[in-house]
Amino acid sequence: MHQLLNADDGGQTVLERVTDWGLIGLVLLNAGAVVLESVKSWDRRYHPVFASIELVSVFIFTLEYVLRVWSSAEDRRYRRPWLGRLRFVLSPLALIDLLSILPFYLSFGLFDLRILRVVRLFRVLKVARYVRALHVIGKVIRRKRAELLVTLGVLGLMLLMVSSLMYTIESEAQPDKFGSIPDTMWWGVATLTTVGYGDVFPITPAGKLLSSVIAVLGLGLFAIPTGILASGFSEQLHEQHAADAAFSYCPHCGHKL
Amino acid sequence: MHQLLNADDGGQTVLERVTDWGLIGLVLLNAGAVVLESVKSWDRRYHPVFASIELVSVFIFTLEYVLRVWSSAEDRRYRRPWLGRLRFVLSPLALIDLLSILPFYLSFGLFDLRILRVVRLFRVLKVARYVRALHVIGKVIRRKRAELLVTLGVLGLMLLMVSSLMYTIESEAQPDKFGSIPDTMWWGVATLTTVGYGDVFPITPAGKLLSSVIAVLGLGLFAIPTGILASGFSEQLHEQHAADAAFSYCPHCGHKL
Amino acid sequence: MHQLLNADDGGQTVLERVTDWGLIGLVLLNAGAVVLESVKSWDRRYHPVFASIELVSVFIFTLEYVLRVWSSAEDRRYRRPWLGRLRFVLSPLALIDLLSILPFYLSFGLFDLRILRVVRLFRVLKVARYVRALHVIGKVIRRKRAELLVTLGVLGLMLLMVSSLMYTIESEAQPDKFGSIPDTMWWGVATLTTVGYGDVFPITPAGKLLSSVIAVLGLGLFAIPTGILASGFSEQLHEQHAADAAFSYCPHCGHKL
Amino acid sequence: MHQLLNADDGGQTVLERVTDWGLIGLVLLNAGAVVLESVKSWDRRYHPVFASIELVSVFIFTLEYVLRVWSSAEDRRYRRPWLGRLRFVLSPLALIDLLSILPFYLSFGLFDLRILRVVRLFRVLKVARYVRALHVIGKVIRRKRAELLVTLGVLGLMLLMVSSLMYTIESEAQPDKFGSIPDTMWWGVATLTTVGYGDVFPITPAGKLLSSVIAVLGLGLFAIPTGILASGFSEQLHEQHAADAAFSYCPHCGHKL
């Protein structure tokens, strides 16, 4: 577990650990509630349960948020009383905390309720504070930023040109499905990613030929980001493993060395 | 074959080898019988044959199980007469052996017959005792446990959020297919894994845009476990190869060194 | 940005940079216009806007082209007054520049208008001058040319033989979909690339068996170009990174060393 | 081209080269003829052309075969007059040569004509003699034999168990599509390889859940052979490249060193 979670840090008191695990549990309970609430039959039967979970969660998360903002001044990074707190409020993790309680308060106003209910699911991002994995993903993406941007750009260019070609070829035979370049892009994505739902496919011989060439060539190009991410991930985990090994524990007292 | 099977071990007598290969053959015969029995026309015509195979197999597997439990006390690991045998009974391979005969005896009771008939197919796991490959897979998964858990967790999180977003966008246009978040997850899995059966796909422009972004970005993330497993596999086989080479045979007498 | 674009070169004046970024912007505006113009409802409402963008773009791109050809004589590579300019006109980047204005002038003649309108989208290739990424892709493909040709050839051979086999098996059961080898190849590509639109699939047991074997074995073969491209890409970026690091900037004056 | 073809060998006379390239051309012409002949409308119109190509090809290939068998005795490997020739006839390349003329002679007998016509397409395998790439693929598969067998075995086992589970879950809801374990395997292959034609998919919640889990987990396992083949391919090409470099040409006279 040590490799996956930050919550298991060595220097925590028992109370801190209980609080952390309690909050993680509450976040997961919330995620489950949002998912089940979206099923009509469950919502009809257990509406009071879901409403109570919501009420209690918002109360606890609000309390958590206030305390976090208040105590942020003790953190080295946000030491100045007001400006420091403001900077903490604008940090990504604090914004997630805010976003997970704001919809509730906004729902008393004039906003559309249904969207707000689903936005609640973004509360699951609160676990980002505890899950090391998300930090790893973030670092991998930052580390391979240049390569990923390059390939995404090339893929976008390719999609654009392929879709415009296909539009020229197929729009007459199937004006409802290949009627414009944006419409044809829906086919392009389905083919290049090999999802192939089957709602849109060429029927003319020329369209089928182009589709075949694109599927084969596209497979190669679309797999490049995959390769980049995979290698970045393995490098990152390898480095972290080495760092973990270097930063070891005393065999006698169990303290960090 | 030496690389694939444990059955070919150097230190076995001819009788042991014959028994091992006989049991492997019986397991494969059983697998074939279960598969063919599920085809109605075959079952109608050859029912007595399948029933005989079942009867003989259960008899032999029961005998094997009893003998294995009895003789387990001679193994160093389970030396104590009763407690050792109990510990052997609870070991994974012994549990598989038990599971492959238990359904037959339970079917005399009040349990649903059809499920029991299929559970019989899990007898194929009995070959795990002889097939080194399954040990390799097991070791690879254990070796890459942390990375796999991390990515599976992230993928689960991503699936959850993507499905909830899609639910908000598409549930009005297609209430029968995107009617709840769990329903929408079926679309999410089909898209992220690029299976794309074609039974569920977005029809609104916003839904198509989200689906496209997810298919492209998801391809990268969903391929990470693949990369991890592939590299783990090649590392494992490489190490084993090195170990095999180090543990060589005398060129004069053919004995292990 | 330095890693992605050539436009950011150190030795440029402010005017040069403004021109470069202006041209990139114009190219992207053009791409957007072509895409939106293909949507009927947009075209009806904003036709004058699209026409104006076209007119202004062609004017500027023509001016750019004339100036580039004129000034090419100052480039070391094309120093001779007329022969040098001719050689510049035939270089790939200059041909793209020519292709992005030619359709406009041809549309006054007797050519089909619709195709010319889409050919305009190939103007996006003008950004190739500024985007380093396309150079990288080009280098990767050149570097792995031999491997890619080998695998593409093998894949083509495999597709040919698999489709002819499937044609023999399925053409009687589904004469409309597997009626000839070229028709069956459409199934072959959809299966080997795992796109699987779902418009063509075998229904006979023998066809399903062949399709299954091909899907599994083909997965492996079709992924080889992917692996080759991915490794070529990572090697290329690695080398470039090393070259960038070696070709560093003076910490005092900011000039290249 | 040197890297792709064996035909370009240094020690060949002009006549040998012309013969080799002529035979390659004839093989490709034959492949094209078989493919086009399968299209009814082409066959009706150009039947005499296809028949002539067939006749001439069989004549030349028969001549080639007789000459090859006759002259094989001069090869070091098949030196003995009769036994050597017999051993040559049984070598893989000679068998392909025989298979590409035999169907023609058999079609005068009582065999089904349509299958024989398609078997002719296997003549394309005659290019194996000249295309180095096929040797490379062969070597890669031999080099990674053990790993490939292991994973294919595990995948087969997984497919068997997954299909039997799905059969238990879905056979009642969709008896026409999941009516027996072999039928369900068609779904299993489509899902595990992510082809997803869309003709068979689960409709019960339990079936969808199982399908989702399998698609995700299966993706990882099914990609292992891919990874093995890709790495084997790159190793093989790397070694060959090194060998080519070591076996270089004299800079003065152009002869091999």
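Each chain carries a letter (A, B, C and D) given by its place in the written order, and its residues are counted from 1.
Here, a contact is a pair of C-beta atoms (placed from the backbone, for glycine too) under 8 Å apart; a residue touches a chain by one contact, two chains touch by 3 or more.
Going by UniProt, the chains are A, B, C, D = Ion transporter.
Not measured: the values here are computed from a predicted model.
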Lowest number of touching-chain links that must be crossed from subunit B to subunit D: 1
Chain copies touching (subunit A, subunit B) - same or different residues, decided at half shared: different
Pair joined by more contacting C-beta pairs (A-C or B-C): A-C
Rounded Å distance, subunit B centre to subunit C centre (Cα mean): 43
Inter-centroid spacing, subunit C versus subunit A (mean Cα positions, whole Å): 30
Junction residues of subunit C - those touching two or more other chains: 182, 190, 194-198, 223, 226-228, 231
Of subunit C, residues touching subunit D in the complex: 146-147, 149-151, 153-154, 157, 160-161, 164-165, 167-168, 179-182, 190-191, 194-198, 201, 205, 208, 211-212, 215-216, 219-221, 223-224, 226-228, 231
Footprint of subunit B on subunit C - complex, ascending: 194, 196-198
In the complex, subunit D residues that touch subunit C: 3-4, 31, 34-35, 38-40, 114-115, 118, 121-122, 124, 127, 131-134, 136-137, 152, 155, 182, 185-186, 189-190, 193-199, 222-223, 225-231, 233-234, 237
